[in-house]
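In this document, chain identifiers A, B, C and D correspond to the written order of the chains, with residue numbering beginning at 1 in each.
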């Protein structure tokens, strides 16, 4: 796990109240690079979301790393996406597969956002990242 | 209420066990005049019965009395029909309307056979007799 | 006056603590909560009388059947109809599908089916399917952009213009809460022998419809939105018309006779109730009706109205909040947005405060398009809510909105 | 070995006293009794998590949705299938109607639908409707008059003769208890790419079907016949074929997008689950599956088999009693008649002894015609019955029959 993610995790776990925690998350969301409007197409939409979530995952052959780009029209999901990007950025497929995202979200007391019924697509995105990493790794 | 009915009722209420009671009922069933096969037609069938029950009710204009003929292919229903015939036979429509059949069946501890769900058609027959009597009475 | 403390005690779920806060349930439009007596009756049924209904010669079968048919009587009486005019279905959605299927037979290419712009998908999509199969045409009573409700004049004009074969319209809107002027519309439709269908999913509990007064041909509802269990709904139909519809699903229970060559069916309501019904559901819904009967309707209406007025006035004070729909004739449902914020964010933060609201398009995508929005936050009240809950809600809402600013 | 005392304690209704006698419930084929955990889970749901499912951002909605989808997983695992291959319906009857409706699209005039002579009305009448609409032809695998079961050879011959488009047959007969040789028949039907449908309403609890082993295309069942609540059923379908069926009912939940012009739908199973589902029903059926999983299947089968053999041998000893059907491969259901007595009389007298049996044609009128009878008395056992109950039953039965002699 890289330092920048550990930083982010600390910020969130150390939040004094849920209000602060969500403020952190939404601030992280603002850092998320905005996906160009041309990329916000239906084919990139993650299914089963109450809000719109767009996801692109590509494999950089030279560096053997996954490149992830994602966006959402809600602030909280954007923040969660930002956390995910911190968590996985610059990792090799093998490193990705070693990460236990459930545990990470649990430690940040954000586990409920992984419930598929919340309609935020976070769980689906994690699954997709792992699937791609698995395919790359083979 | 006529004497023969009161006799029948006594026999039934005085039965020492349910076995005896049902034996009485089935014996009464055997007394029921058999409906000629030609009269056992679909149009005379009482709806909603698990067994077949055929019913004819006619009004005798001269005597101003209801004539009831009924039959069933089950012994118990036949017995119950027989009781009904005793209860109503030779009465004028007006007299019929004064009879509380529910009370009679309750006093014989046979009330459950009036439940429409028992699928024996007894309740439907009582309703039909009353309806006809009501129409005659007008 | 409604003794609200006494009422609330009867709903065990209202004591729940969610995210360390007392639950504030403002999502009754999605499904109502259930009083203890309804829950108990399910328990009682399975522990004492569970058995299949009809044709049961044994005692349990008799108990089950009697309670089952008694519930039909209760509902019939509640809406001022006859028992044989009530068909049990699995929900308002199935009731509408049954009607759409059955009425297809009466339609010819070019016939018009008229609905309103406020309809739930359940009262749109089945008609689209019917149109695709029969060549009938779906027409829409539009939303007036200023008042955000349908206009009676426009509706009359459309009825005169289209002489619709079928008019199907919601008694109350699930998204906006609008109570629609259905009595007048039904009356006017008689001019053209239009078959009138009312989607009462939202109205049943709040408005206690009277079939004789409304004089519609069909009225559909869901038990679960009216204190009853999930998996059950109903369809009222004027008997002759109801009975003239072809069967929908086929199977056991609804049969007069079957041979391998042909089958004949019983009369309504039986002919529309193929298979083993939701017995415990029907019986416990009977208890829900008993429960409603014990609450004075005027008291309920007065309480619901005062909650609605209070909520509306409080929301109107928050700058940046936009309210939608008819804010006068309303069942107690308010949809809103805040600036450009996404409803999802607002609801997620409210959930942190133990407050349950619904967001999204509420299965009314076409209405969203009319309003030119993607979705709303929806608060839907019931008589078991309190003024205090609204006060708490407003305090929390302001906090949540400030997090977003 | 099954600890039968322990098992029976879990079913509260088995303690009932009926007509002053301990209830002997021999009508599980009509509906099974429910263990306490199933009843409790309904109670728990309505007191703790009641809320509509999917799209729920609030905590209750999340709880309800998670439990709801978990139950789908449990059922899928129980029958060795994938969760997305399970559709919730209101019962086996609806499952069959959904299939009949959906498969109509694949049929042409003259195509054959093959069923057996032992089918329940729910697996006959929907196909008659399909034939009326499409010009397909219904053909019957006959009952062998001597063995009172269908013959495998005859079945193969008919399959070869008709090359049926659809074969729909019960796993076990509700009237006779016959376990039908479906594995072989399904296998043989592959020769002609026949779509195979198994009506598992009676078999689900007794035989715990394995979808991978059976290799049928569709399998239908009812929750209420398998320890679960009323108002719920299921449909298993091989995913690709299932997903290729057109939608059945339409409305909320199953929608991708709706405009007034057109609608698009989600994939299976969602596209077949329009409207608010039977949420408490699904969740409590999940608990029924948990309960079954805790009972060793071999223990259950051994117990059920020994009950059946004992009952059969006792009945065979009573002169004047005629037994029907396959008395070897049987789920524990025996149909009988006594001399020329009417089943109604026998059942009415048995009810006096607290014994619940079913009489009539059992929604299998064509089978009755094959057997040349009007109806039967049917005893249908479950694993919660005991040898002692059968002993009591036989004593009472003899008494009742002597009343009739």
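Note that in this section a residue touches a chain if its C-beta (ideal position, glycine included) is under 8 Å from a C-beta of that chain, and two chains touch if they have at least 3 such contacts.
If you're wondering where the values come from, they're calculated on a predicted model, not measured in any experiment.
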| item | value |
| --- | --- |
| Chain at maximum distance from chain D, centres defined as averaged CA atoms | A |
| Rounded Å distance, chain A centre to chain C centre (Cα mean) | 39 |
| Cα-centroid distance, chain A relative to chain B, in whole angstrom | 77 |
| CA centroid of chain B to CA centroid of chain C, Å | 45 |
| Residues of chain B touching at least two other chains | 50, 119 |
| Per-residue overlap in chain D, given as positions that touch at least 2 other chains | 19, 55-57, 59, 61, 344, 348, 359-360 |
| Pairwise chain contacts, counting only pairs that touch as defined | A-C, A-D, B-C, B-D, C-D |
| Chain D-facing residues of chain B, complex | 18-19, 22-23, 26, 50-51, 73-77, 119-120 |
| Touching residues (chain side chain C, partner chain B) in the complex | 53-57, 59, 61-62, 65-66, 69 |
| Touch list for chain C against partner chain D, complex | 12-13, 16, 18-19, 23, 25, 27, 30-31, 33-34, 38-39, 42-43, 46-48, 50-52, 55-61, 90-94, 96-97, 120-122, 124-126, 128-129, 138, 140, 222, 224, 229-232, 247, 249-253, 255, 257-260, 262-263, 274-281, 344, 347-348, 350-351, 354-360, 363, 365-366, 369 |
| Complex interface listing, chain A residues touching chain D | 50, 112, 115-119 |
| Chain B partner contacts - residues on chain D that touch it in the complex | 19, 341-342, 344-345, 348-349, 352, 359-360, 399, 403-404 |
